[in-house]
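Structures are listed in the sections that come next.
Next, two complexes with subunit A in common: one pairs it with subunit B, the other with subunit C.
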Partner chain A sequence: MSRRETKPLNRAPHRTFAARFLVLVGVVAVLVPLLPLAAPSEVRLEEKLAPPSFGTLWRDGFEPDRIRDPGPLSRVLIDARIAVFGDGQLGPLLGTDALGRCLLSRLAWGARLSLAVGLVASAISLIIGVLWGAVAGYSGGRVDDIMMRIVDILYALPLMFIVIFVVALLRGFRNEHPELETNQIIVLFAVIGATSWLTMARIVRGQVLSLRGTEFMDAARAAGSTNLSILRRHVLPNVTPIVLVTLTLTIPRVMLFEAFLSFLGLGVEAPDVSWGVLARQGFDALTAVHVSAWLILFPGLAFASTLLAMNVLGDRLRDATDPRLRGDRR
Partner chain B sequence: MIEGVVVLSILVGAPIAMLFFARRVARGGGRVAPFLLRRTGWLMVTALVVFTVSFLLMRAVPGGPFDDGRKLLPQVRHNLEARFGLDRPMFEQWLVALRGLPTFDFGPSMTLRDFTVQEVIGQGLPASVLLGLTAFAWMLLIGVPIGVVAALKRGHPLDSMLSAGASLGMAIPNFVLAGALMWPLVIATGWLPAAGLDGPRALLLPSFCLGAPFGAQVARLVRTGMLEVLGQDWIRTARAKGLSETRVVTQHALRGALLPVVTFLGPALAGILTGSLVIEQVFAIPGVGTHFVQSAINRDYTLALGMVMLYTVMVYVLNAVADLLLAALDPRVELT
Partner chain C sequence: MTAPVLTIHDLHLSYPARGATGTVHAVRGVSMEVGAGEVVALVGESGCGKSSLARAVLQLRRPDAGRIVLEAPDGPLPLHELTGNALRHARRWMQVVFQDPYASLDPRMSVGDAVAEPLRAFGLARGAESRKRVAKLLEQVGLGSAVASRFPHELSGGQRQRVGIARALAPEPRIVLLDEAVSALDVSLRAQVLNLLLDLRRDLDLAMLFITHDLAVVRAIADRVAVMYLGELVEVGFRDTLLRSPRHPYTRALLDAVPVPDPARQAGRTLVALGGEPPSQESVPRGCGFANRCPLAEERCFSERPRLRPVDGTAVSCHLA
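Presenting the complex of A and B:
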């Protein structure tokens, strides 16, 4: 088994490269506050729409107060950063946007939010989907029928449109009452996560159903294991590979949806930045008289390379876990 | 209101009758007829559920269509609310709105003056349908040839190139693609118009941007399907018979390889509809997509309801068509 599993990996160096790239993006996203970057919302109107250049590599003037309510972790990292770099910061190496904000810094901070949306929403869908699928498949019979019927009905609904509808309704309410501090990002997590668990539930249920007939499950039951302990010790470990595969393919989908919502003005709001917001701003800068290609080029590149790496990694995991789809058969 | 009760009883009664009837027809050995009955029945149930949920959601969010920042005199507001029947009990409003469901006749829009919901849909739908169909054509036009070539050249650098391109195409949001193509084709050279929908040239870029990401997925499906099929015995037989390679590929292999694509059609069509919301905004296409988002933000109760129902019905019907097509191509598939 191990020989077969390692063979395709060795033959595909670009796939391990994808994994390394993702780790790099993840580390950058977590450690952004530690890096000597300008504050993402630091406006310098005298530098607006400056093209990428290495003219100013390093300069002073970091303003930690411009980073809007950082969490406890970010605060520690920012303190550490100030201890190391003082108020020095990198110049706008990738250019600036219409308000003179540093694109490099905004890309790095955007990675944080985009990845967070992808991970948290996928985690929500993972929890709901695995529980739903495992319970349905394990219970079988009438319970299974009803639970999967509910999934079927939800599948038939145009969930995307209902999500957009709900988010737009809430956004309209927010626009009229800006004094209410509702956190749009949490709404985003919840709504995306709550609507993308269906595929996961189906896959897990199918897997659990096929496990039910196996002998080691009968043995576990005969040995007096409770349902809960069978689920935990025998069922979950066996569905983990396929769940991981589905998860790696869910994250890019969720990130695309976030970008889509942000483009429509329904997702992440200023002053927060995500890659979707940056792509939107880059697009707006493009249609203006003054063509600033870097504003769409770099967010687009960041987005596409990250999603590409995730898709490649997901494919690789699928190939490794599903012998039927393995590429060496013809 | 009375008409609302009639519509309600039809929407509740007809599906039950249809689902019941579908079973009897199915026992008689029919295949397509019970499918259509069943799907129509479920469509009605879905429409009623989505309608009610959207209606309640809209009313549950505080504020209404006339709270757009302007201060209205109490009397003016009262008159407006009376005109749209917003002062009546909620259940009555629901019934009145329900009356319009079969024909999308939800009355006048609350924020677009002098337009009824039907008029907005009637003016926008042709453009949206045209955009969607062209995008669909692009999807197949890009996906199928690339998938076939990649499969035939398996392991060749061309295969790696095409497959990498397909993976990349799946990872790019359509508006980034639009931006990337707009720069050389529209802004720098002026070859294509930037916005609107005057003539086929204007349709070229928007539909490509909408369809290409799905084309990339189709290419991957076709490639996998072709590789699967080309290894089968009956392909070897066809070759042994002395058929030309073109004939083997186009008439024998492709048919089997396209089945996964047909199962993907339902999600793809729904995805194209979703993506059109963005593409219509990007290229300023006068379709219904813009209204979908804007009416919900404005809490334009009538128009928003009309839009949600329009997209619900479209997604549902397109899914049913895709399932029907799959069953026509693959007799093993059960029609449910």
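Presenting the complex of A and C:
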């Protein structure tokens, strides 16, 4: 027996690492309010554009009011944080932006929105995309035609124009009704909701269509299974690997889309923070005489490593769902 | 013969031809009966429509025409008229073992789940009771209950065939259609599985439509034999009569008139047919389907289609029989 078989987990250390990294990013995103970080909008003009340094590791001056609109969970976490750390906070270890805000803190808070976008997209892909594709592929005929035509139409929409158009409309509306506090982020989520599941639906449909011709589907029908249980017990398990692969492609795509829109000022807006917003602000801080590389480097790094880890993990999930690739049997 | 458990009347099935616009007439007007507890062997060369016949009988592919009546414990079920849930429940009484042991098991479903599937789907057993029955079935087909947690890719072709058989027997049907179900088993295993089937037939009155190429299997298990050629039955009769004195020229060719001196080889002999090719199923000849290969063919064989008619207790479809 080879060493590979006795230690299946060590086969791919990079996968374990990717998983841990993603868990870390996820935990940070959820628990940011608990961490002893500066408030993301705490302005210290006297410290503006300070490069990364360990000069000040710890200092006082936490301003809870500088956290905009915390939800009930965040409020609890903030209270807990104050109970533990008082008003102490980490210094601007990764430098500060043009208003002297701590980049480390803003990166951590930005992870929330960036990951939320990915999460929403994967939920929509999984629920709408998989069901849509599975039902279309399994039904075939007219149902399939109609369902896939809808997907084609949504695919063909000129998204950027629609976003620009709707954002413009929304800004006009906001000027007339400032009291309604509309947030541009709605547009972003609406677009993600309308489009993030399309690729998934197409791929699942193709896979199901080819499954429909296999003999074990006939065997399942001969064994008395209902359509629903064939979908659940034969179709879904057989599309799971491709669903996971598609998901690991969809999430990064949607997160990039968010970053892109936010970078253009069409997505997440200040004072909210996402990694795309941070990149934008880093870009804005660039001048011919003064290059604050860290303001672009760190958001970019956070983004790139998260996307990379997702890809690595996608492979691992796919292998784990395929009994043919599990090495630990017999 | 006791009341038939399965009655097939004038069954037709065609597929759209690949590429071109024509149709492949895979089954052309087959009528036959299988009595309760009776084993009918269906023989014929590759591509003559045996699997298609099984598919159409099970309504896995809707036939173009034809009546299929299945005698269930609570009355006859006209399968050709049933749809939806009624058809689903009717299938409990007629199970199938598919020809291809690789394609007919879901690669992502464990053997135990596969065998339990009909139990669950027909509401016959769940949980511990289901596991117990699965273990028993797996042991009956000589697999041992430990394979329940395995996946199909971990099994040999012969093991998969036995999984297919266990699964077909699980809901205790009245009839099983076995499509080359023992072809991948070695001699002793084959004997074991055939004995199991014969026991079930004795104890439960299980009827079988046994599609096979193997004369030894026909001898071992069949009560009657149906010979199929180009989508039609050309001869149907009791085993011994048919094997001893085949009436149809095609049956004769199949059985090959020259006797094999060594009895062991005789037993293992398979049904290998004569030279030449059967005509294309896309343009079925007007007269006898066998005419272009038949040594006895005469003029009317090419213009007039023979019908299955009784000759000395055997049904034969040949002008000269």
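Some observations on this one:
We adopt the following convention: the second predicted complex is superposed on the first by the 240 of 330 C-alpha atoms of A that agree within 3 Å, B and C clash if a C-alpha of one lies under 4 Å from a C-alpha of the other, contacts with A are read in each partner's own complex, and residues count from 1 in each chain.
Convention: a contact is a pair of C-beta atoms (placed from the backbone, for glycine too) under 8 Å apart; a residue touches a chain by one contact, two chains touch by 3 or more.
Treat the numbers as computed from the prediction; the structure is a model and nothing was measured.
Of the two partner chains placed around the shared chain by superposition, neither subunit B nor subunit C is touched by A:Ala270. The wider contact with subunit A, measured as residues touched, comes from B rather than the other of subunit B and subunit C. Legend: residue contacts after superposition of the two complexes on their common chain; A:Phe260 is shown touching subunit B, with no touch to subunit C. Once the two complexes are overlaid on the shared chain, A:Arg221 sits against subunit C while remaining clear of subunit B.
In the superposed model, A:Pro252 lies in contact with subunit B only, and not with subunit C.
Contact with subunit B, but none with subunit C, is seen for A:Phe173 once the two complexes are overlaid on the shared chain. In the superposed pair of complexes, A:Met160 makes contact with subunit B only, with no contact to subunit C. In the superposed model, A:Leu286 makes contact with subunit B only, not with subunit C. Contacts of A:Phe303 after superposition: subunit B is touched, whereas subunit C is not reached. Once chain A of one complex is fitted onto chain A of the other, the partner contacts of A:Ala83 are absent, as it touches neither subunit B nor subunit C. Subunit A residues 329-330 lie at the interface with subunit B in one structure and with subunit C in the other. Residues 55, 58, 60, 85, 88-89, 91-92, 95-96, 98, 100, 103-110, 113, 117-118, 121-122, 150-151, 153-154, 164, 167, 171 of subunit C touch subunit A in their complex.
Partner subunit C is touched in their complex by these residues of subunit A: 214-216, 218-226, 229, 233-234, 237-238, 322-324, 329-330. Only residues 42, 46, 49-50, 53-54, 57-58, 61-63, 67-69, 154, 167-168, 170-173, 175-176, 178-180, 182-183, 187-188, 194, 224, 227, 230-231, 270, 273-275, 277-278, 281-282, 292-293, 296-299, 304, 308, 311-312, 315-316, 319 of subunit B touch subunit A when the two sit together in their complex.
Listing the residues of subunit A that touch subunit B in their complex gives 153, 156-158, 160-162, 164-166, 168-173, 175-177, 252, 256, 259-260, 263-264, 266, 276, 279-280, 282-283, 286-287, 291, 293, 296-297, 299-300, 303-308, 310-312, 325, 329-330.
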